[in-house]
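The two complexes that follow have chain A in common; it is paired with chain B in the first and with chain C in the second.
Let's turn to the complex of A and B:
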């Protein structure tokens, strides 16, 4: 399902404009921005699918009864499961960017590929580590696989973005929220937002995430939730 | 005879007085206009903004650009006390006051602006005594290209730190145990 979505989403942006006789975006970066606007969604879905059952699955399906007595430390087992979820999510991100890249080459030519696209790709990889770590954490504290996957999904898709919007509305910079930092994935492409047609209200552009703080926040979320997840998973008892 | 002479004197004096008065009345508006006063309502002053231009039409974010507004007086008299207001996305960013333009002359008023990224509308409007002049507002859109954000090396470094920490969680305890000769803990 995740692979199907990874192929399907970028193809929409490639197939729909000619089908409705609409021109593609003027520049390759504009095209990439519209295309990559959905990569965060895909990372979250991928993280929920691959990391949601990493720990809780072992306890829920009792497969841990076979796995834990093996001559491996529990830490190694759980780190291995984290790395497996991470590699699967990375493959999804790589596939998404590869399809986008091929589309850009076909529409705009090889010369239009910018270094910003590589920055965007690396940011997506860092964000993927944060998402996997957060969902992995829920997987280690919750009993059921579906609950951990859903809580992780809704936290990243709805709750954190809503908190971000509320904070921005009351003019508080939400720099510490990982989903806010994730907007760097498209921000680095340097393509403009909408036209300001009315009097200027709250200047939301002043809350654009800082590049270095954004990386720091994503890395901090990854390290914190990974370690807490590992510690809880290691202490968890099979019921 | 005396009466006729007196009548003539009175007539001549009256004519001279009338001529003087009419001369004064005719010259009075001109004098007033030349002294800077404007005899037409401010909103109908013959002032037009003929051009609005930028020193750079495709500036980069945070670069300083100059906005030029060409103001033309199409009337036959000098117009004073004009205020030129510059707007960014319909918010006033600068007022240039007490501008005087002679008849059939134009002046260029400019201001500098530190470009903010993305699309903006910059407009300029002339007014006299806080009364906007008719058809004196001119606007133009400008696209400011965003500055390149960040660098590749920081991203690679962040990814490497994450990988080292994750992989290190597995290997560091093993290395530590091997170094301290502690027996390997096996799960039961």
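Let's turn to the complex of A and C:
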């Protein structure tokens, strides 16, 4: 399903405009911005699918009874499972960017590929790492895989964006919220757009995440949730 | 003497008030096949989970080949294969994929894994299912695959928790034969089972556990001798008349005789010498003895006699 979405979403942006006689975006970066607006959704779906059962799955399905009585330390097992979920999510991101890249080459030519696109790709990889760490954390504290996947998904898709909007509404910079930092993925393409003015005339662009702070926030979420997740997973008992 | 498994004063408490294990100490020699028997909640699975480092004990130590399982699980568990309770399956994998995964976890050389997978799947009769998804397997097949995983890395020690659970009679027989084969290969087997018949068929030693304490442990030979009743069942080639029954009752060593259907039951002092003399006398008197069997209690009766009637066997 994740792979199908990864192929299907960028294809929409390639197939739909000519089908309805609509011109493609003027520049390659504008085209990339529309395409990559969905990469965060895909990262979250992928993280939920691959990291959601990383720890809880072993307890819920009792496969841990096969896996844990082996000469491997629990820490190694759980780090391995984190890396596996991370690699799967990375592959999704790589595939999505690869398809977008091919579309850009096809529409605009090879020369239109910008360094900003590479920056965006690297930011997407960093964001993917933090998303996997967050969902992995829920997987280590919750009993059921479906619960950890859904809580992780709704937290990243709805709860954190809502909190971000509320904070911006009351003129508080939400720099510390990871989903806010994720907007750097498209922001680095240097294409403006969207609503820049809040309901009380507040200039929302002043809350755009800072490049380095954004990376720092994503890294901090990764480190915190990964290590806490590992500690909890290690202590969890196979009753 | 060196012991493969040593359990020293093992205590496990849950929530500080439920004592699942109460100072359990055991020593198991290399090559022994040990049955671990007790009612539900007696602490069998708790012992096995501590033995395999699924959780730590409240107090005490468990050593496998001299390595403390809790402190050095990597070293202790490298020679252990385990099948605990009814584990889940990776239903999206095939046996080949699952066993390759575990071969890597056990640190087996890559070239050995493929060869050994063929061997163990043949042993558990799953060769033709090697590349089929485990999700489509029956309970018995999943159980056999669990055993294949447990023996994949040629362990010296096998810890099996209710290996026959969920199996049909043929599956139970297959598991019994496998255990007998492990015994021949000098593999130490620690087996918990509620099927006392299986324990009596396969184990050298039986440990009885109740309320977290070891009640008794002895060799199967000694237990069987303790379960012998002072009775012999005799069958003859031809039906035997009432006069003959009365006459047999006068033979030295026989306390009384009763006729049960087509055979007779002799009551005697239980001494093997007396048993031999009775048989010799019957033959010398020209009786056509077809069978001459001392009657024993089965292990269930023995178990109930030591644990008590009110607690079921598990």
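Note that in this section the second predicted complex is superposed on the first by the 232 of 239 C-alpha atoms of A that agree within 3 Å, B and C clash if a C-alpha of one lies under 4 Å from a C-alpha of the other, contacts with A are read in each partner's own complex, and residues count from 1 in each chain.
In the analysis below, a residue touches a chain if its C-beta (ideal position, glycine included) is under 8 Å from a C-beta of that chain, and two chains touch if they have at least 3 such contacts.
As the structure is a computational prediction, the values presented were derived from the model and not from experiment.
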| item | value |
| --- | --- |
| Contacts of A:31 with chain B and chain C, given as first, second, both or neither | neither |
| Touching partner for A:238 - first (chain B), second (chain C), both, neither | second |
| Touched chain A residues, chain B compared with chain C | B |
| First, second, both or neither for A:73, with chain B first and chain C second | both |
| First (chain B), second (chain C), both or neither touched by A:211 | first |
| First, second, both or neither for A:61, with chain B first and chain C second | second |
| Residues of chain A contacting chain B in one complex and chain C in the other | 68-73 |
| Of all residues in chain A, those that touch chain B in their complex | 68-76, 79-80, 82-83, 86, 115-116, 118-119, 122-123, 125-126, 129, 184, 187-188, 190-200, 205, 211-212, 215-216, 218-219, 222-223, 226-227, 230 |
| Residues on chain C engaged by chain A in the complex (per definition of touch) | 49, 52-55, 73-78, 80, 82, 84-90, 102, 105-107, 146, 149, 159 |
| Chain B - residues contacting chain A, complex | 88-91, 116-121, 141, 143, 145-152, 154-156, 158-159, 161-162, 165-167, 169-170, 173, 184-188 |
| Residues on chain A engaged by chain C in the complex (per definition of touch) | 61-73, 237-239 |
